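Two complexes, one shared chain (subunit A), two partners (subunit B, subunit C).
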Partner chain A sequence: MSDYFINEKDFGDFLKRLVRARNVLGPKAKRGHFVFGRIENPEDLRLDYDVTILPPKKAFFPTCQDLVRFDGDQVSGCIDPVDQVLFGVHFYDVKAIDMTDLLFAERGEDRNYTANRQAATIVASSIQSVSPRAFWGSVGKEVEPKGHDAFLTKVARGYVYQSRTPKGSALLELGKFRKAEATELEAARKADEAVKKKCPETLKYGAAEVAKKVRAAFPDEKLWERLSERCFSCGSCNLVCPTCYCFDVQDHWNVDQRSGARTRYWDACLTSEFSKVSLGAGNSENFRESRGERFRHRILRKASYLNEKLGGPACVGCGRCAAACTADIADPVKTIREVMEAAS
Partner chain B sequence: MKRHCSCGVSSMAVHGESGGRDAGANLFLPRKAVILRVEQPTTMERHFTLRLADETPLDFEPGQILEVGLMGYGEIPLGLASSPTRRNTFDIVVRSVGRVSQAINRLQPGDSLLIRGPLGKGFDLAMFRGHSVLVVAGGIGLCPTRSLIQYILDRREEFQRFTLFYGARDPQQQLFLKDLAEWRGSKTVEYFETVDKGDPGWRGNVGVITILFPKVKIDPGTKVVVCGPPIMFKFVIRELAKLGIPHEDIFVDLERRMKCGVGKCGHCQINDKYVCTDGPVFSFAEIKTLEEAL
Partner chain C sequence: MAKARIAFFDFASCEGCQIEMTNFGDAAFLELLNHVEIVEFREALSEKTTEPIDVALIEGSFTREADRARLEEIRRRARVVIAYGQCAATGGINALKNHQTDYKEAVYGQDAGMPHLDSDKALPISVVIKVDYNAFGCPINKYEVLQLLSHLVHGKEPVIPSYPVCVDCKRRETVCRYHEEDHCLGPVARAGCGAPCPASGVPCEACRGLVDDANLASIEKVLVERAGFSASRAAAKRMLWTANQGSESK
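For the complex of A and B:
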């Protein structure tokens, strides 16, 4: 695929045509924050966003999604993907999407996710503003962002559009793109390099070292209890995480009391009921009963358990968990620093 | 405006009509099974004998699991409680604990329910063939192990000594009463049983399951299967250590909250393993370094 340039003025026209031609989801402002939402008016698209409240995974793995529907005795699947263009995804979220792509496809492909994913076009974009809790400049450097169809970088007087796939190139006909010049590509490369140094937070340690030490710290119950002392078990850190993909499944009936659906909902391993099993006669067994156990599970899942599979940590440094945590204890940079210091 | 679900919460705005692209199997689509027989061994448990509605045999290994459910209620993970050697039917035992299990336990012969599976990894029979086998089952741990017990009894010549320990809370909690009667007098299985608490009619052993170990000699090289309530594993494994059974020869059949059964939803995770796909049967050697396993 090839590299293109579009100037500022033509970019506006391109967006106008794009939102008319396709379903576009992109960052827009909402009550002082940013969210990924349907873009019907190009003026709503805020490529200068820092981070969105929820990650864009919701486009493929919605907060609630019917898996199976029923009507009387009839049971049917309801995989029904729609074309959508995710426009303006930052590289850390691209990395996270690539991880959930792998996790939903391995060991039995979950078409309820992969069908949505395959129907989507992802246009990544350069980071123009940095969120206060971001640490994407230092975490998981060994994991390359991939799986996106094009990458858009703001440079002087316009945008460089690097198409990576036929889906990425298919959007070119909607705008006055021309082949990018070497100087423009160099400017794009420099802009992307430069922004990575602007993160307010830095993880000082390498992924392999972290994975090993955090795993080894498992038996240090006191450490995990201390780190999670103020945890409300609310699961906010899970819900805003772009690489969390746990879910609960619940059935419900429609008002006709004849039809209904089996639906999955985002779930959170920090909540107290997550690993609880009923044994009957009012007895139950909770396999992660304490806050410390649950907090530890999340950190190990991000920093160790999945590393081999993903080629690096299951954390992309978006900082959403740090910002969402009421008690402000979820920040992986702070937590990992404490674990590493306790281990040394 | 299209919604991904009908729960009323507006999800990501996705628009337009599509369809016809439901390619590939949906992991969550269940199959119908018809109830042939129902027995109620205890006040809490019902034992169902089922057949797939399309009358094809269910192809599974002993130790594998099913997600069993009813639309509008939900699904629960259950170990298959019969052996694949009994090809035309399969058994499950359901304990009434919540909404789904209570709804299933109201069903009668002729009714049907929905299953997904077989799921997960069962017993690696190649490891057991040609060896002596000891099964240690506590409480409803007898249900999933019955798939292996029946298998061994049906192909008895493929195995050496076969010993079975069964512990129940009290005589009223014993399951598979017909099987127990058969095993008590059987020469093909050395069967030992105990109850935690006896009653006036009980003449057998009283005490936790580990009291059965001194009653029989376990040969070195015996393959051991352990399944029961979480508390039981530690004590049984301690006894096995005394006998010098290597960790590779001990197999545990674990229970967790397996919501999806296909290694995605995260509920059944022990450290980095998913019980529903990496298990539910694990060798002790495989999980002894996993702090969350036992």
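For the complex of A and C:
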């Protein structure tokens, strides 16, 4: 599409009109941290956020999502997409959304996800603050973000708005945008390049090399046992991950015992019950019984198993897992470094 | 379908879990009565029964040998037994006394010698009878109990979470207590409550007990390193509701 510019002083008016006209989800403050939430007042939009607690995929794939509601023999689906604008998504989360888009669409499309996704407009934005555990500057460099409808970059005196799709261009009428000048585009490019060098953590190895070596380390049980010794099996690393997509499905009855819902919940393969399966007649089997096996599974999922399908690692370097891990053992940069060093 | 006959029984407890059930309020509670028949419920009903029952909800811990016969009698006539609340499920707060000798004097002072205060270790009822399901929590989560009963009414297997409270916190995007320079037992505490405490800025105290594979060495280390606890306080911190669940009870 095309590239536009809006002045700092006109940007506030644009946001005012945007939140009036559309259902906007954006980064907002929560107890000194950030979450994607409904923006009703433009002042609540915090484009200077570093990272949100949960990734924005929750807009399409809520942490708890009714799939089916029932009342006696009457059963109805719950697919009811709402038009929403995700405003201020960082490029690493755009990459992650591209991945979940592919994973939910392949081999039997998951309409509960794709219907919400198709109804959404994604306005990505440049990173103004870098979170303490971020390593998006060095991971999966071969994967370009592509699912967004527009990209907003803060430059001197305003914002460059690069529209990529008709959905992205549809927002232009809400603000005093003009065509961007070459110098402004160059400033935006430089800003986005420069910030990628500001990550406090760096993954020093290429994706192919990592994929090969972590896979080769599979049989090294002692290594995985050591790396996971302090693991709580709490699943926090999974639950904050923008590329994790597993869910559990449960039925609930309302008190009338006639009506209720079948609901899916974000699940986590680090929890011990995730891999517990029924063998029938009250018997069960856990196919990843130890912490080490579960810890290994996550690293291999992120660094190797899905690489071919996704064109790169299933990790975008947001650092949410590193920050969320109470025992501080989940950081992919540290873990991969240890695995690589153990392998060499 | 015929109404399921359910009965509440209590042993060493505050009966707060029975009260919690009545907190559903009239509308929900009376609606529930369209589907189950409550045949014994001391907090809300004066009748008692000796008839067979479908679901026995047993509150309180086993603290006296004399209670064994009564528990066995309930088990004999109940199709399903639910340990109802933390005292019944693990011994709960009562189990604190298992590790102390001066509790009677500390609590009752000059009345410490009253004969009815004599009791043995506080233990889960599962040491005496087979328990089919646990409704954890101090008090129970009434919505969870409703689901438990609903699943039984519909002939489905109830699902009792064994993952930590961190899962519930993440699902509601709560700011981690450790990110506000606080402490929390969430990483070893059994979920299913929906994590209301951390969402209100209050640390989890593990009132539903520990998860099955709690990493206690790791939580002690975290309490020392991240919350600044002394080693002894870190080791004792979880005892309030889990005094029967660590190595101290083995």
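FYI, the second predicted complex is superposed on the first by the 340 of 344 C-alpha atoms of A that agree within 3 Å, B and C clash if a C-alpha of one lies under 4 Å from a C-alpha of the other, contacts with A are read in each partner's own complex, and residues count from 1 in each chain.
Simple rule for what comes next: contacts are C-beta pairs under 8 Å (C-beta built on N, C-alpha and C of every residue); 3 or more make two chains touch, one makes a residue touch a chain.
Keep in mind the model is a prediction, meaning the values are calculated, not measured.
Enquirer: Classify the contacts of A:Glu209 with the two partner chains as first (subunit B alone), second (subunit C alone), both, or neither.
Expert: In the superposed model, A:Glu209 contacts neither subunit B nor subunit C.
Enquirer: Tell me which partner A:Glu142 touches in the superposition: subunit B (first), subunit C (second), both or neither.
Expert: After superposition on chain A, A:Glu142 lies in contact with neither partner.
Enquirer: I'd like to know which partner A:Thr63 touches here: subunit B for first, subunit C for second, both or neither.
Expert: In the superposition, A:Thr63 contacts both subunit B and subunit C.
Enquirer: Applying the document's definition of touch, where does A:Val82 land relative to subunit B and subunit C: first, second, both, or neither?
Expert: It touches subunit B, and subunit C stays clear.
Enquirer: Does subunit B (first) or subunit C (second) touch A:Gly280, or do both, or does neither?
Expert: first
Enquirer: Please name the chain, subunit B or subunit C, that touches the greater number of residues in subunit A.
Expert: B
Enquirer: Just subunit B (first), just subunit C (second), both, or neither: which does A:Glu181 touch?
Expert: neither
Enquirer: Who does A:Gly235 touch here: subunit B (first), subunit C (second), both, or neither?
Expert: In the superposed model, A:Gly235 contacts subunit C only, not subunit B.
Enquirer: If you stack the two complexes on chain A, which partner ends up touching A:Glu43: first (subunit B), second (subunit C), both, or neither?
Expert: In the superposition, A:Glu43 touches no partner, neither subunit B nor subunit C.
Enquirer: Contacts for A:Asp251 in the overlay, against subunit B (first) and subunit C (second): which applies, first, second, both or neither?
Expert: both
Enquirer: Intersection of subunit A residues contacting subunit B with those contacting subunit C?
Expert: 58, 63-64, 250-253, 260.
Enquirer: For a test of understanding, state which residues of subunit A touch subunit B in their complex under the given definition.
Expert: For subunit A paired with subunit B, touching residues are 23, 25, 36-38, 58-59, 62-68, 70, 75-84, 103-104, 106-112, 114-115, 119, 218-219, 245-254, 260-264, 267, 269, 274-281, 285, 287-288, 293, 297, 300-301, 304-306.
Enquirer: Would you mind writing out the residues of subunit B in touch with subunit A in their complex?
Expert: Within the complex, subunit B touches subunit A at residues 2, 4-7, 9, 11-16, 18-19, 21-30, 44, 69, 71-75, 95-98, 114, 229-230, 255-257, 259-260, 262-267, 269-272, 277, 291-292.
Enquirer: In the complex, go through subunit A and note every residue touching subunit C.
Expert: 30-33, 35, 53-54, 58, 63-64, 229-236, 239-240, 250-253, 255-257, 260, 265-266, 268, 271-273, 291, 323-324, 326-327
Enquirer: Along subunit C, where are the residues that touch subunit A in the complex?
Expert: Against subunit A, the touching part of subunit C is residues 28, 31-32, 34-35, 146-147, 150-151, 153-154, 156, 159, 161-164, 166-167, 170-176, 178-180, 184, 186-188, 201, 211-215, 217-219, 221-222, 226.
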